[in-house]
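Should a chain be cited, it is by its letter among A, B and C, assigned in written order, with residues numbered from 1 in that chain.
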């Protein structure tokens, strides 16, 4: 079906093996990394395949854009080394099955805002920043028709993604969209990173939500009143698939007058929210997840953050409450931007 | 109407009669459905009523006066809408209104409802009082007729004709005059807004009233309306657009709140007064406005603002909605919702039971009298509290 | 007829007695699949004395009486099978006393579960009662009349095991008390007085419960629900056994359903943990997941599906609307925990045959001493075919329960007969003697649990 466009020679010639050396969760020096990467390429068992926490970061670390994380997931599936217990995999795979009828396809003939499986979050995309955009997938009963499937990277199931993704792309395209702004960062990653990596054609242009927000804020510059908050940013795993768009985080922060706190887990060193680590098979995963969550939040707190800005609803679901308990307000980026132009957020 | 013509034929059977609709938001009582509170028979609960309506429309049950009483004992408070966990909950009150409409069309109505509707049709108000007396409430006040001012102050039928509610109408007008905002009234040209008429199932008469009102408002150039009653506020805001009547609609507490914020109105000293606020259904559950009245009350210097256990979304309705302030299907018992409510105000040791609706005002004041609590609690409209020095 | 009606009005007042078609219709209906059974009168008394007068009237007139609480058994147990007077007990809802140091509360039996939860939450936050799985409108008296269980079943057993005292009106009209309240010593214990357990689990056929002293239990500050999932149903009994050995859960429920697709052919165990601090909760999580269940996670046959989920009380259920039809009924059976796999398989098979998405759950009672296993069958109230299918599925399930050597909980007449057909003859005869002793005129909810019918 779809093959991962992966150049093994590039890996063999890599001098740094950054993908594994820079990994925050595994300890590998360059020599070990070389050995393990070669095993993986040759479909041999490697402890990396067992211990990978599926944080996507190596996609960014690779200086050659050679998709080491997609490779790891593919090999996990090939070698039947699933990161999660079987019942959780089955649950995840079944979750994506739409069962409440077909979606209503209304022709948009313009720019759409795709909510993906977050139809219930339409109140996060209200106000002047989103005027003129037609919302796609605002019906929770039909949202799995718009599910980008990339979640299954955490499940060691590229086969499920590859089986289902074309139909989802066709559904979006049927709306006759010219451009699609994706509410969820991971949808953006699916259509701009994963799909090309596997040779899946995407007949619409994707726009990153933060790029869209930044441009919109520029238009409404005269309405911006600096918020003067100290903020921490919870960078999601999916952001690693579009690292060229990560710059919009600081651009937005500059524009709206918030100060990103000086903390450890930022940019390339961002910390996964732990949602998918908690249930992993590897011994001690639950405690490890709790530990990295604790460190991440302590890091925000000790750096003086008043707000934690979220990109991904899954991170918000996982960390929102514990962040809030420490007195830091959890907010989606879209809501923070709305506050900056004087709008009230529900 | 056959069952197949009933607008909610595809959903009315979905009520399970689980009983969530009897409770307030904090689950503290089973008496938050006003008719169930009064009668405590399952037939009078929100779910029981729907099962009866379905059986009647399906010809399982014959129409009877008792059935009509049960249907008309729904005062449209929306507690059921608030509490029902299922996806059709937004239609619950509408399902009952649609059944009332069928009874209207059949001409099979309880007498008090018939009188109410006939009076509105003939006199523009449910009391059957001559229209020329509609402006009597403002005698002695320097209120101008509406001639293009910034706001139309719409008083409504209760404020115009009910002697108790007239006091609230006057107090509100005095505050508006004092603040200097530009407003006028329709006086004898004012007619019913149609909200209760719709709640009673007479949608044809609502349309008639709405169109008449819209024509009059438009001819006069009305853009902004201050409503004394949340019932008027509701119908102007949410239903008149369906008849192409689009106005900026405010409840008077929203205006007062703004006037206080901008310093155009100062609050009197009410030190050592313990006040509790009764949320009117058509401001609260119908329109999610719980804050403006409280902001206004908090501006009063020195008061102690206490909340009854059932407040905001969980407030117990006074039982006056859907015309029941006149048709009185829920009266005559110490378990009438209005009487339960004033006992709750007594339980929080309130000196004043504050209201923001002429319906609530008349219902609760009568209840205080019947309960023998006149020496303990005063029922006052927020405007009256503000007017008292 | 007229004289009975007038007599009822004399007792409760005109507003609270009815012989009108609208009330009779409403009270003829059960929320499940039972066919309507019409009462002749409906009455809603507020005091024990009023109930007593009604019972005496019924004896005099030889007319049946059926006490009704929330009407949530879904098995038609409060439908008047032989006409008569339906007594709606829900006006008797006072909370009479909460004794904090003794951890009990005395209530009138018609009080709703929701009101109790709310009252304790507001006024005695460190105390809780065992709340039923039924909606909050269910009553205390009704639940005890059927040996109900609630969300404290695992640590503390059946709700009827949590009774410190009872006040009952006998079918002949006398008021009797059981427990320390009978010797006027307060309401703090049922034992050690001679066991007169003639009213709990008797489905309202031996008397009307009017007051109850309910045990209350420690309510901790933090409550969370964690979920553990397996694919192989055969693992459930052993996992529940392990969890009940650890003993730190407040509630353990294993469940599986066809809808949503996420749950299909998977089995989740909901594990409720409480604590007064994050340390306490984390300690319990550690023992449960990192120690006890680690082997299942390691081998990949079980996984932590969620932790720290909110657990609301009362719990809201939307299950009634699964078929967009406003109806469901379930067979509940008290089963050995080891029967879970077979219960699930047979339930899935019966559901498939009747074109109903399967829905099963098992709530652990005690230390895996048993479970309340339920098979739910949704129907569309507006479609008689689906009602028929649900009814047939329920009857087949009742029969399967007997085949699996289970005990049907709160059975309707159909299930009662199955149980009585299998019952020890002496036990059955004793039931009959007790019933005749207490209810010589045969007026108490006749038609239910009638031996030799």
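Operating definition for what follows: a residue touches a chain if its C-beta (ideal position, glycine included) is under 8 Å from a C-beta of that chain, and two chains touch if they have at least 3 such contacts.
Predicted, not measured: the structure shown is a model, and the values here were computed from it.
When the partners of chain A are compared with those of chain C, no chain appears in both lists.
Taking the mean Cα position of each chain as its centre, B sits at the greatest distance from chain A.
Rounded to a whole number, the gap between the C-alpha centres of chain A and chain C is 46 angstrom.
Per-chain CA centroids place chain A at a distance of 49 Å from chain B.
Centre to centre, using the average C-alpha position, chain B and chain C are separated by 39 Å. The multi-chain contact residues of chain A, meaning those touching 2 or more other chains, do not exist; every residue touches at most one other chain.
For chain C in complex with chain A, the touching residues are 229-231, 259-267, 282, 285-286, 289-290, 294, 296-298, 300-305, 307-308. Residues 82, 84-88, 90-92, 94-95, 97, 99, 278-279, 281, 283-287, 290, 321 of chain A are the ones touching chain C in the complex. Chain B makes touch with chain C in their complex at residues 13-20, 22-23, 26-30, 39-43, 48, 51-52, 55, 60-62, 64, 66-67, 70, 85-87, 309, 333. Contact residues of chain C toward chain B in the complex are 15-16, 18, 20-23, 25-27, 29, 31, 42, 44, 70-72, 88, 90-91, 93, 112, 114-115, 117-119, 121-122, 135-137, 314, 316-318, 320-321, 324-328, 380-382.
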